[in-house]
């Protein structure tokens, strides 16, 4: 450990030696790297365009209509035309905005979205122009964290856009969007934990390798389901697209944006969809590995360029899921959204991770199958009991709410002032009364006037 | 070693203080009686101890040494030599008299009598508190003189401030008492803290070889822990102790707290303050400054002598200018303390014997003066000299005792202070004639301020306002009488005291490493016996 | 090779051995805090206070008992042990500091739990805006923050860990565990809530600022030594630097300075004291009592450990800095304190001055210094808790806010002699009058400093003592010698809990003042043993680390 | 790249944070500056860890993050409370406690 | 560093695209000034002032942010633990379970005291 080992000249060799298992990465000639990066970029752009198209077409089919069908064959060029149109629109910057932040926000949103894809493996090592190289731009010991990190940076774009617009709708939209994204980010992060336990690494290529025996979607099914839910929440897609819920918030944080900047937000959103879908394929669906039945009769399925096909198929399936969900589910309420994230996904995840860890460690330590079974059973029982308690509580709450409602109705009915009719009370809000409506509703008597307990509570 | 005399003498008033303090407010009368009883018992105990003291025995007697804080080498170590013994007797004697004098004093808290609120406050504050403090103070005074451990001495030296502080500030008189109390406390505390540094220094130096100690006996002497101290350090340490003692003494220029404190105290408090407490300062110089740091003491002789002379003259001159009796007496004390320090630092046997004796006698004379002045003030409610005239016509007994006390204060031959003042002069003259000559100015001035005060207050026509002035009551006579008796008795026959003092002084001299100048004056008690008007 | 080490971090398959018995007090307090949170969640509101108080009191007492028991677990000969991968040191100083902190915490807890007509010292509902209708509703409904108890437990946990930490990471965590609950607790005063909130913000911002300095200092030290373990740092300093970074001396110096800043802030030494008066004044008084006693003890414990163990080999480097800080602290704080008109601010400045006195012992860098500082802190802790307990009782009117203005305390000695007498005793102890614990403490620290050759520092200390005595005496004058003020404050009858605290304070102040021997003996090796080493400057200071025998 | 550069960068960032704390008046911004300082510390820790070749510094960085997070939670709660009361987050407005 | 370079290459391509398209967008689009166009999208309501200083974020959002931070930290600890669970064995499991229990207690507290209720 002498200082000259830290010398920059020695850095290259050291770095290669530094990360065992990453020998294949970071050694590409620069032009291969450039080619791969460009391909990814183009792939993302094409994906986005096609995805927007597919979104509209599939939705149309689901809703018994055609969808766009004017530009190009089957309307395939519709999105391209839309893009061109948007970019030719007048670029408005409202007078009161914070200009710098306003302009920077779409960039902050879009650029990280591109970067996340660089660690997604789409195939094993292939020979490209005579160079042996993996079909993955790069891999890191912390690759999955990179994806999460870029996703987090994207949130800044949303918040800043809302804030820079200096207008209530975008502000509220931005806040809601960021609250939602960060809420679901926790559940998402937790859903990865089980994967890490099984894979023992954060590197995407190694995670894919670890799924050779069996996909994690099978072994870690609850994690997979939760990831799918959070994936939708993360990308602000229906049924979780409250940030731009037109009915409430006009256009959400994008309300004040137009032309190319608007387009960039749009782009970022779809690129994020692509990324999370690709990540789900990588982490849970075996990445580029051929689906299990195929490998049994076709050994070459995981050789050469074939895996790209498997990857693409899985990826498209997940993308279709996005559209399918959008077409089938109604938008949830904001409080339902947050409650789902905080009160259901997170506790379930915590129990699930504990269960996975316990079972894993027990197996590592060679615990007898009986004990293992008992533990599994125990977790089942606990989960069921919790669920039962939860639903009981929910029932009780609902019953209590109903009772309260009924009581209110009854009070209204019996109020002689209203002649026994369920008319709105005269002191309800908007009736111009100075008495707040709350007082009537509360059945309790007003607090007794302060007599002996008078005290100065503040006072500086 | 049979009876722990000193511990008993400390514990008795301390317990008494606790009991009196815990008495309910309504039992004020019981508290007073109890206090008087305890102080008299202490006096008896101390006197009995004094009779057990063997002047020809070892220097320190009745020694008790018990470890207190082993970590710092601190001991509960008590013991007395002749000087300390006499000072303890003085304290034990003065305290019952003060209690008697304070018997009927009302609390003077500035409230007008009759107003309901202040009467209430008066009742709440008066009574047992003052007496408990007196008892506490007595315990501490005896302890401080008996201490044979530097740390113990320091602790009591500082702790004594608190009861006095309350006695002045809480139970004093006049509007200025609060300021006076604070001034007193801060001056003393300042000095005490400087002394603390020196005390710590002593400990640190004693720890140079082996475990540190605070035992006085282990520190002094050629083979003591402080032997071979380098002179510069010793001088700094000396200064730390000396400043504290000088403030206490009180010595010019750090005397300024005294007139205010004495002027704002009750006469009883003033008696204890000037009569006993301030002696701790001079006692400390003699016992600690000189013996712990003999070399430094010799080095500082001239500065201290000069300061003493300034004190003597300055105190006397200011006394003359005073318009308040209590303040006047306080300033006379500044002058008298100048004599004491002069005697100590003359570094002659006579000088130091005289100084030690002076401490006792000054306690008697000033005590008597303060008490009588206090009786007068209690009658008329003011301390201003200008408010009195012709008192001797209305209260001859009072005027008489006042005269005797005053004369003793100016060291009239035949009264005890004369012996001590004479010895100091002789000792100083043997040391160097010039200071002695300057100091003699103080004697002249003393006559001036005492007699002039007497003339202004006691003689002349009796104004109508004073015509109903009562003479001394029986209780008051009992308070001041013993003092007058002692003054006269020891004025005529000082030998018993000198017998006790001399061995201690000789030891001290030996410790300091000085000896009397060549033409010795013969033995001091002969000089004193033949001293009736005799001169060199 | 550094990079390979990086790439394949050694994850030990050997699980660390943890001696839970030695950690028991920490675990008990922590567990009680966690259970306290559960109690908040699941126990019905009316019963919460009783449950929380019982839980907290039991935990603290149990922790104290365990601390005492642990003394027996230590090996003979003054050696100490380390626990949990050498991150916590259990030695005599640790146990003393922990015991002291626990006693202070128990006393403060009694003050915290004190209730009068259903109100405590804490806001009914901190989340409400002061002066709003909502707040009134909460006050009338008798809401109360029982979260206070778990928060206090967590703060105490941090305090217990702080002086016991044997590496900088643990120490930093302990610092934050201690501070974060305190930030919140500061803002919970029932009355004068604006003050209280302001105090919380100030404390928080300045505290976070200082802990950032502390952390950067740790980073520098880590850069120098390659480890944050105190023993390793000590050895590295002795060896003159770590292999990877030759010539890292400046890093060490910077590290010492910045770590010092962080610790001195917690201690409240000038120039890092500015938070103290504001925070002490604004915080609820029971919390102020906890901070003035427990936090101070913990912070000094940590300071001593860092500077004696980790930096024990570079005394010559840090000594001048401590000198300057100690002098500034004693002088400036004493001077500023004279002008204060509010009792809590005054006590805060007094706490700053006292920190300066303890620093003189730190400067000594010897066994005596350690023992002196320990004794001083214990003595001061008892006294200050008692003093703040008295402050809680003097109100502007029955059921009103505390009457902080010193002028309004005039004549208190007449109306409530016992209370005023107790306070006077505490003030005299602060002033260092003999026969109180304050004197022995002062003597111990000054003696250590003089032994180590810092006599000028002691002279400064003594002069500043004289100045501080002035303002303590002023309060006594007001209470005993002055006429009661027109708007005389209402003195509440001490409740059982507050009364107990004051009583303990009085007894401790007197007992430690008159019979300090047993305590002092337990604090240090035989007298004189460390002195010889301490005086052989500066090489002998390598032995200071051995004072904390945890290496 | 010479790892010492990272240390210099950390020092610069730390200084920026410290200056920010001292000159800015908005409590939230002051607080953000403190966080900046903590992150500078993390950078220093991680760089030193690499230089020394042990993972202690990285572990510390983890804990610092945790502490920073806890600080954010507590700090935001306190600042928000004051802010709701006073409708201002300026530390200059908080001056009730000056004597 | 070599492992990270490609990411920045991709990011650079993305950034180039974004910047070019934004510049192109502003150049290509028509510019027809109209006062009303530059108003914020708002039906006659004045645009809101800056949140920092004016401050109208609902407390709820701060609460969400705080909760997020707490749990995000939890994830930070879980990830390295998960990766090395096999090596850490029972000790790691117990430690993490204890940690999760503590976090869960805080979570339960938050839930019970209404911190997880929206609107």
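Order of writing sets the chain letters: A, B, C, D and E. Residues in each chain are counted from 1.
Note that in this section a residue touches a chain if its C-beta (ideal position, glycine included) is under 8 Å from a C-beta of that chain, and two chains touch if they have at least 3 such contacts.
Treat the numbers as computed from the prediction; the structure is a model and nothing was measured.
Participant: Give me the fewest steps it takes to get from chain B to chain D if each step has to go to a chain it touches.
Facilitator: Step count on the best path from chain B to chain D: 2.
Participant: Could you name all chains that are in contact with chain B and with chain E at the same time?
Facilitator: The shared contacts of chain B and chain E, listed by label, come to C.
Participant: For chain B, which other chain has the most distant CA centre?
Facilitator: A
Participant: Closest chain to the protein's overall Cα mean, using per-chain Cα means, please.
Facilitator: Centroid comparison flags C as closest.
Participant: Can you check how far apart chain B and chain C are, centre to centre, with Cα atoms defining each centre and the answer in Å?
Facilitator: 44
Participant: How big is the gap, in whole Å, between where the Cα atoms of chain A centre and where those of chain D centre?
Facilitator: That gives a centre separation of 29 Å.
Participant: Which integer distance in Å separates the CA centroid of chain A from that of chain E?
Facilitator: Measuring from centre to centre gives 11 Å for this pair.
Participant: Find the geometric centre of each of chain C and chain D from their Cα atoms only, then give the gap between the two centres in Å, rounded to an integer.
Facilitator: Between these chains, centre-to-centre, one finds 24 Å.
Participant: What are the residues of chain A that contact at least two other chains?
Facilitator: Each of 1, 6, 11, 15, 19, 460 in chain A touches at least two other chains.
Participant: Any chance you could list the residues of chain C touching two or more other chains?
Facilitator: 1-4, 6, 130, 193-195, 244-245, in rising order.
Participant: Which of the residues in chain C come into contact with chain E in the complex?
Facilitator: Going by the criterion above, the answer is residues 11, 13, 15-16, 34, 37-38, 40-42.
Participant: Inside the complex, what are the residues of chain B that reach chain C?
Facilitator: By the definition above, chain B touches chain C via 67-73, 109-111, 121, 124-125, 154-159, 161-162, 165-166, 169-170, 177-178, 181-182, 185-186, 189-190, 193-194, 196-197, 200-201, 203-204, 207, 210-212.
Participant: Could you pull out which chain E residues touch chain C in their complex?
Facilitator: Spelled out, the residues of chain E in touch with chain C are 84, 87-92, 102, 105-106, 108-109, 111-113.
Participant: Over in the complex, which chain D residues touch chain C? Could you list them?
Facilitator: Residues 7, 10, 14, 17-18, 21, 27, 30-31, 34, 37-38, 40-41, 44-45, 48-60, 63-64, 67, 70-71, 74-75, 77-79, 81-82, 84-86, 91, 94, 96-97, 99.
Participant: Okay, in this complex, where on chain C does chain D touch?
Facilitator: These residues of chain C touch chain D: 1-6, 9-10, 126-127, 129-130, 169, 172-173, 176, 180, 183-184, 187, 193-195, 197-202, 204-205, 208-209, 212-213, 215-216, 218-220, 222-223, 226-228, 242, 244-245, 277-278, 281-282, 340-342, 345.
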